[in-house]
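To keep things simple, chains are lettered A, B and C as they appear, and every chain counts its residues starting from 1.
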Amino acid sequence: MDLTLKIWRQANVDEDGKIVNYSISDVSPDMSFLEMMDMHNEQLINKGEDPVAFDHDCREGICGMCSMFINGEAHGPDRLVTTCQLHMRKFKDGDTIVIEPFRANAFPVIKDLAVDRSAFDRIQQAGGFISVNTSGNTQDANAIPIEKHDADKAFDAATCIGCGACVASCKNASAMLFVSAKVSQYSLLPQGKVEATDRVLNMVKQMDEEGFGNCTNTGACEVECPKGISLENVARMNSEYLYASLKG
Amino acid sequence: MIKTSIARKVAMALSGLFLILFLGQHFTINITSVFSEKTFNMLSHFMGNNPLVQFILQPILIFGVIFHFIMGFVLQIKNTKARKQNYESFKGNSNSSWISRNMILSGIVILSFLGLHFYDFWVPEINYKYVEFLPNDPDRYYIELVHKFHSPIRVLIYCLSFVFLGLHLLHGFSSSFQSVGMNNKYTNGIKFLTVAFSIFVPVGFIFIAIFHHLNVVN
Amino acid sequence: MKLNKVKIRYRKNSNGTTSIRLNYFGGYSYENGIKKALRLIRTLPDHLITNPNTEKDKLKNIHLKEQALIIASDWEKNLLLKKNESSFKKNNFFSNLNSKIPDGPLADKWTNHKSKINLVSPANKRSIDIIVVGTGLAGASASATLAELGYNVKTFCFQDSPRRAHSIAAQGGINAAKNYQGDGDSTYRLFYDTIKGGDYRSREANVYRLAEVSTNIIDQCVAQGVPFARDYGGLLDNRSFGGVLVSRTFYAKGQTGQQLLLGAYSAMNRQIARGKIKMYNRHEMMDLVLVNGKARGIIARNLVNGEIERHSAHAVVIASGGYGNVFFLSTNAMGSNVSASWKIHKRGAHFCNPCYTQIHPTCIPVSGEHQSKLTLMSESLRNDGRIWVPKKLEDVKAIKSGELKPTDLNENDRDYYLERRYPAFGNLVPRDVASRAAKERCDAGFGVNKTGEAVYLDFAAAITRYGKEQALVKGQDENDPILVKKLGQEVVRAKYGNLFQMYEKIVDQNPYETPMMIYPAVHYTMGGVWVDYNLMTSIPGCYAIGEANFSDHGANRLGASALMQGLADGYFVLPYTIGDYLSDDIRTGPISTDTPEFESAEKEVKNRIDSLINNKGKNSVDFYHKKLGKIMWDKCGMSRNTKGLKEAMIEIKKLREDFYKNVSVPGSSSEFNEQLAKAGRVADFLELGELFAKDALERTESCGGHFREESQTPEGEALRDDKNFSFSSAWEYNGEPSKAKLHKEQLKFEAIEVKTRSYK
């Protein structure tokens, strides 16, 4: 396949970026998108040009590091995949592909397509944990049975990989889906219920401080989420939050 | 309390739901004008002269409307600010409906319509009752209504606005439930209700407008 | 006064002991026995202080003290060497590898050890800093627990967040001897399975401790909110893994590693919020700094702006994972690297058993030249999938050319080779056995994809079995094949849905309808930095935990044991044992980074980076990495022989020389430069690869993941040589990988009988 790539190039956070056009040929449909980017970078290096910086690590869709906005969609046109699992067979010979970083004020660009998502870490630090000591002197794991339905729901929420596709896809750059996934996971489990009030208040506070937008329920995040995290979690967080703020 | 994003979102939803309730009530009264001039006059007279409605519900309603649109603008400004550098290519249609992303547009259309509507009905009404202190006439409402739908341009504007109202409702109705934290086995029912309500009510309003217009013309 | 006049003399006493005389500054000291002499050397600097009166004298004294310390550490090394040489000649063993295994019966060792080792009081912990490199299961759990105990922790990871570490990709599960299923599991059985699975090449005491703390891990994780799979009664569910006869694996669908890591990450977040952990994201450790022979800090590079930073601490913990990426293609993440382990190796930590590599049998086969990494399909799939190739070569040909579909082949024409060769364990034989069997079939020409390197993993039988079961449960017709298939697929989807989806996305084939194609790929490295029972490396104050160390898995790791080891080391072992060392450090106070040791380490790092950037060669970093990977896979892969290994050593050395001559690293060192970071990592792989081959060459037996063609039974099974190779090979760096010096740690088994490993 021969393709035209329009890639966002930005030297660092302070400088302005722009779209630069490249062409690439002999792309195999069996390649993953990132392998195509590797090939492109190899060609740039051989030409003595600066390769395109992008984040990636596990390349099996679980670490959440890859973060490209491809042809107007987070992680590209395929559903339920991250960029690294997107394959070139989803594109046609002669296509033009626009590749941009995940954009949000809370995700400043580090270079080219790599962005800083430490805002997510800070939200987690605000309350995304259960305050239990790690000494191992806890009660037996089977001491509290958990209804399978709840355990499964908690798991579904917990599969969030923190990639930021929800923020990138949201027209408001809202992080509600990410935050709600963590809030939901813990609020569904008896172990997490104990400090549910503080958790949701603190995490939402931090989320607002990081400069994410407000949720307007467009549902784009749910569609683009590579792990299919449900909007149900956002609703759960809303009610948790309401309850918590009324309770004080 | 309305300082955090979720609080704003809930406030938006609650005011929206309140306006939906009002809309339903407004529609119910208006539709009677098609069937029975007498009933319509009676109901309108009650609404116009009952002190509870006039001095408690009406201010709440006006507050609700103003709150809803001011908050709408505030959210819009904040949300636009959350992404200063825009995408070169953004395919919103692939993951969300146009209307859910453009509530501000349908909202602005509805707001302008409200201006016209107030000018048409509410201002003369207030003028009649509280400025000129004209005598109480329980049978004037129907005539006033029919009179307003004389102009085809006004009818056209009304109809267009109702289309936008329908679109606004199509997202807003079910979205309000999501915002206040309801997403469960009833959600599909609510979604159905949303579609039904946001088609039925605006179409009904359009029907009323055209009905009276044609009546007058004939 | 000149310090170089200080001398050391040895004298053999008539009773066989050694006396040592130290001359210094006109005076001298005599000590009997090496232990006493070493103590003297350590205290030597104190002898220098002699009532200085003027400022000048004081300065002079300080200067002398610094020099004396350097000399003292040199002496210490010399003494150790001398000691080693003499003992080596005597019994062919290096005795300086003190594994510090506690005395007493196996089952009591850990308990006794814990109650005897030195502790640091809570007040003193506040003044002690610990650096942790890496935030996988081991690093994150260790950081969290150390911080919780009160130490000041600085944690480093090269990713943009600690949650990205590659532990997150572990799919199948975590073992624990909970015996919730009541199928006869126990600590001893888990210990036994692990030792046997490791082909009797692991350290007995460490493995027993691992089995012992395994149950705590599950309790801990559940308390942390890890959503393990549960049954309808609300209790934890288990599944079975390769190489064992009980169900002891706890899991969270196919994302167990993710859930456990996020649990450890959340524990870290709690401590970060409390200010007890200072997190350094996007930072790479470039070197270890030794002060007086002790690990006292690291040099790190900020990957965003390229700044070189000095960080000091009272102890350094390496938790940077394994080195599977030396093969270029592996199931490791793109960024996984050996650099932290290799840097401490070059500073004096022994590197142990590098040739023990696990080749995982169920990975998605290579699709072409462009391949950048391999994707694992969890071992749990072997619970329900049957592995086969066609029996006849003509069928293989027809399948390759597309004339025949695998589903068209009837049962009699299929060779379920694992079930045929290993009837007792069948498709659930350990990973090394399953991998070699697949290679054997493919080498014989039965590989089923276009490269001839793939076998089938078939779920049709499981789908039918589950379907019939469901039909019966639901009271529907169990003889209706369409219904049975539908119901069966639902069950399989619930169990392995995400794995099947992943396969379909990558290969573009529907595994519910046609069998999966799989092939072995490099997955895990059992070898690593040598550590003692306390998990301390041969550098005092430097620890290695998780996959980075060598201790628990011997020559082959059983499925679902890596997660167990990472968390055991991090949550329950290291936080105790590190106190034993740090209890001597409570008076040390803050460690300055403004010392010559940090200065010179930083300079070395900067020089290395500059030389890479200024090289301006003609080949990209990946060019070398791919070449190295090919040498490793062809000659140090699933089966190894003398000729290949010797060639590999020469070829890797040549490649390394070429790398330093011709590598091209674009950009500058003061920006976000992925190529530069990668170049540094590949440089270390190019050294490790050679040591890897050397280690494999030295070990002429076959054991676990290490298969020497020269050492096999007539049926082609691995043949161990317990008489000559019942030891761990700890390599000491000696200027160049090929010159590394071997130290042997003899493996003694007290509680277990060493047997031939059989899964037949």
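As a convention for this text, contacts are C-beta pairs under 8 Å (C-beta built on N, C-alpha and C of every residue); 3 or more make two chains touch, one makes a residue touch a chain.
Only a predicted model underlies this, so the values are computations on that prediction, with no experimental measurement involved.
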>> If every chain is a node and each touching pair gets an edge, what shape is that graph: line, ring, star, complete or other?
In response: line
>> If I count C-beta pairs in contact for every pair of chains, which pair wins?
In response: A-C
>> Report the inter-centroid distance (CA atoms only) between chain B and chain C in whole Å.
In response: 65
> What is the distance in Å between the mean C-alpha positions of chain A and chain C?
Replying inline: 29
>> Averaging over Cα atoms per chain, report the distance between chain A and chain B in Å.
In response: 37
>> For chain B, give me the residues that contact two or more of the other chains.
In response: none
>> Please output the residue numbers of chain C that touch at least 2 other chains, ranges allowed.
In response: none
>> Under the stated contact criterion, what part of chain B meets chain A in this complex?
In response: 1, 4-10, 75, 78-79, 81-92, 94-97, 100-101, 103, 171, 175, 178-184
>> Show me the residue ranges of chain C that touch chain A in the complex, using the header's touch definition.
In response: 141, 144-145, 148, 159-166, 168-169, 178, 180, 213, 216-236, 252-253, 255, 258-259, 262, 265-267, 269-270, 272-273, 279, 281, 304, 331, 333-335, 367-368, 370-373, 375-376, 501-502, 505-506, 508, 571-572, 620, 622, 664, 666-667, 671-675
>> List the residues on chain A that touch chain B in their complex, please.
In response: 6, 8, 17, 19, 69, 71-73, 77, 98, 100, 103-106, 169, 171-174, 176, 204-205, 207-208, 211-220, 223-224, 231-232, 234-242, 245
>> So in the complex, the part of chain A that touches chain C is made up of which residues?
In response: 11-12, 28, 30-32, 34-36, 38-39, 42, 44-46, 48-51, 53, 55-65, 78, 80-81, 85, 87, 89, 110-111, 114, 116-118, 120-121, 124-126, 128-136, 138-142, 145-148, 151-152, 154-155, 158-159, 161-162, 185-186, 189, 191-192
